[in-house]
Amino acid sequence: MKASELPPAIVRGVSQVDFQVDYRTALCFIVALFVGGWQFGVFGLLGAAVATLTAVVLGVSSDRVTGGLEGFNGTLIGVALVLYFDVRWVTVLLVIIGAIMGSVLTSALVALLGPYNLPTFTAPFCAVTTIMVVGAPAFERIWRGRSMAAPPSAAYPGRELTFTDLWQGLFNGVGQVFFQSKWYVGLIFLIGLAFAGRLVALSALLASAVGIVVAIVLGAPAADIGAGLYGYNAVLTGIALTGTFVVLSRLGVLYAVAGAVAATVLTAFVTDFFKPVGGHTLTWPFVIVTWIFLAAVPAFSGLRRSPT
Amino acid sequence: MKASELPPAIVRGVSQVDFQVDYRTALCFIVALFVGGWQFGVFGLLGAAVATLTAVVLGVSSDRVTGGLEGFNGTLIGVALVLYFDVRWVTVLLVIIGAIMGSVLTSALVALLGPYNLPTFTAPFCAVTTIMVVGAPAFERIWRGRSMAAPPSAAYPGRELTFTDLWQGLFNGVGQVFFQSKWYVGLIFLIGLAFAGRLVALSALLASAVGIVVAIVLGAPAADIGAGLYGYNAVLTGIALTGTFVVLSRLGVLYAVAGAVAATVLTAFVTDFFKPVGGHTLTWPFVIVTWIFLAAVPAFSGLRRSPT
Amino acid sequence: MKASELPPAIVRGVSQVDFQVDYRTALCFIVALFVGGWQFGVFGLLGAAVATLTAVVLGVSSDRVTGGLEGFNGTLIGVALVLYFDVRWVTVLLVIIGAIMGSVLTSALVALLGPYNLPTFTAPFCAVTTIMVVGAPAFERIWRGRSMAAPPSAAYPGRELTFTDLWQGLFNGVGQVFFQSKWYVGLIFLIGLAFAGRLVALSALLASAVGIVVAIVLGAPAADIGAGLYGYNAVLTGIALTGTFVVLSRLGVLYAVAGAVAATVLTAFVTDFFKPVGGHTLTWPFVIVTWIFLAAVPAFSGLRRSPT
């Protein structure tokens, strides 16, 4: 691999969070991160760079590196850790350690999941970030004066659902994949997805809507719905199951809807499961649901995996 | 598959909880559920029907469907959810969502466990129900006015073990597989098992006794022993390891006893592990122990797997 | 297998905790256990003997038995349970049940991990001990008057790090693999490792140092660092990744350092994760990190697995 191939690999490491390789998508995503806050852009790129470099030094096959598949978990590790631990030198250190750990875990999962033809998805990011966040209170230097981030519903518990919650929640479902909760940041991400293909953007938007509907029917707090917290796992699951990893068909769309519903239900489960130890939901629901839904495809004569 | 094959497939989806396909066993089980309470019969059959139909629509191979292997997790999802969330429309919705999720998870586990020649057992039911129960407090419409179901020992903490606890616990260990805690309901299940074979019924009864003995020796609360809470996982493990999945032999019986002991010890573990998040024990101990005991068989020259 | 082969197999079941088969290493380890307290020696050997015998009765291949690979999880189960539940008859019973369970789990993991060429490590010990410790409060006879073991930092929360913490922590990191917290016991273990090879002892000492440095940088409590609690998982990971399971090289040493760092970070995570249910850290961090680091090796052209 030449050194000149590194920057595009790192940039693709941002768009691969949503399974995309188009450089325009990647640029939109980077812009969106910086609009959300300079620290998200800087720490996200730092994570992607460290993860990609680790893969290069250890000798991962170059097609995985240039495709951005070795960087995207690092991106999310950087964004998540700066959100939870603030802009500090110890956070820089944690992002470097975390991105290296995530890189090794990525290769381990490639080996373990290979026989089942399942991608790693964001599992390395989820694992590393959960380890860091749950473990942090043991380390005085990291934790000093910090407290667990509470969901918006903690501040506004009994609030009624408004029209603003609905339309902002739709965009926030796209932005929350990267921990962003401003509707216009979500919109920039959506524009980025549209560069990758209209179907991708449409899937994302519809899946976000499915997440909102399920959350309303089951009675989730309005403030969390408006912040997109019940949508982002549905969004990733929706994109993954419509065309990306499963061939598009009428039954396939129903299957994707079922996946988005399941991801929304799992969002409540993961959130409650991690509460006693201070863990966060992250994209665990998407990872678990999409692994299960893809692993099941060979058993179903009505569905087919996309060639990859 | 013809439409006329569906009803028997659904009915076998009740008896397959205990690995049986005999229609008399299935009818006894259905009678037992209705004797336990009409809602258990109705919601159990609803779950079995939705799960089986999902499998048919997605195109699962018809021998799995007609054997009831695609329905039994749905049965337990229906029974469990109506027990925890009462007879309400939202429970009907949850059972439908849960049975579909359980159906997809079943096919995923068939693919993942196939290389190791392990059946799914009730893992899909355990996973889906744990997700629903732990996640429920996040949803106001589901949770309203509900509280965690407490074990009988919570009401009668220091009670002495009586003879009634012993003999009723023996039958309840069979009935608790389906969440039933009346001794005569357990007896009807046992009669159902006897139709499948005297060995099956004998294994169930002995395994229930092993669970009770272990619980007494280690000092579990009398009220929980009497309710069969330390027996039902041993019952399923015992049936699975004597003839069903392991060839019967002298060493094999010892192996099954060790499995029943392990399932009883794990019952305490799973119960305590899920306490902080409000999860329930379900049949996790059986699933974990029996997977491990079956996966280990090829390493042991003294034991052999049954041909299936 | 002849009966005369059993005693050496059991003795090797003590040294295999640190991946060693040299009988001098094993004798040093046994001496160290008895110096730490007679009960650790007796219960450790009891566990190793029951586990090894179980494997023989079930017919495990004799090369695994004679190499001590069927005994070492039993050793740790014995040492851990006598530490947590004291010298009592119920503890003897639990060690016997636990060693049998651990033996079956070992064979199950051999089958499950075989396709990925991963050893079981101490996972059976971790699983069985976690099950026993978390489940124990449900059983009045086991739990009576007991309480969760608190780390040293609970008694001395804000204490400054001293030079004594540093050098004693270095040795304790080696001894804590067997739950020993006296520096001279750790030293005897280290001498045992030196009989197996100078590289092994050096790896152990350096990995212990890496654990201490990471713990200091991140701000872990001084008392826990001095007790070796942040070192023992790094020690096992360090030995495993330098020569034992990965061919020694310059990049391999860096990889082992990364592994030791990851194991230290995971120590905080596992400790916090198990806190709500009263579980202990044990060697989970080592098991998880080393499985991941070994599973990843085939993806890295710069590293190679040792032939085994």
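Just so it is clear, A, B and C label the chains in written order, and each chain counts residues from 1 on its own.
One rule holds for everything that comes next: contacts are C-beta pairs under 8 Å (C-beta built on N, C-alpha and C of every residue); 3 or more make two chains touch, one makes a residue touch a chain.
Molecules present, by chain and UniProt name: A, B, C = Urea transporter.
Here the structure is a predicted model, which is why all the values come from computation and not from measurement.
Asker: Just send me the rotation angle from a CA overlay of subunit B (Urea transporter) on subunit C (Urea transporter), rounded to the nearest 5 degrees.
Answerer: Rounded to the nearest 5 degrees, it is 120.
Asker: Copies subunit A (Urea transporter) and subunit B (Urea transporter) touch; is their interface built from the same residue numbers (over half shared) or different ones?
Answerer: Under half shared, hence different.
Asker: Per the centroid of Cα atoms for each chain, what is the distance between subunit A (Urea transporter) and subunit B (Urea transporter), given in Å?
Answerer: About 35 Å, centre to centre.
Asker: In subunit C (Urea transporter), which residues are in touch with two or more of the other chains?
Answerer: 115, 276
Asker: Give every residue of subunit A (Urea transporter) touching subunit B (Urea transporter) within the complex, in rising order.
Answerer: Per the stated touch rule, the residues are 115-116, 215, 217-221, 251, 255, 258, 261-262, 265-269, 271-273, 275-276, 291-293, 295-296, 298-303.
Asker: Sort out for me which residues of subunit A (Urea transporter) touch subunit C (Urea transporter) in the complex.
Answerer: Residues of subunit A (Urea transporter) touching subunit C (Urea transporter): 57-61, 90, 93, 97, 100-101, 104-112, 115, 130-132, 134-144, 276-278.
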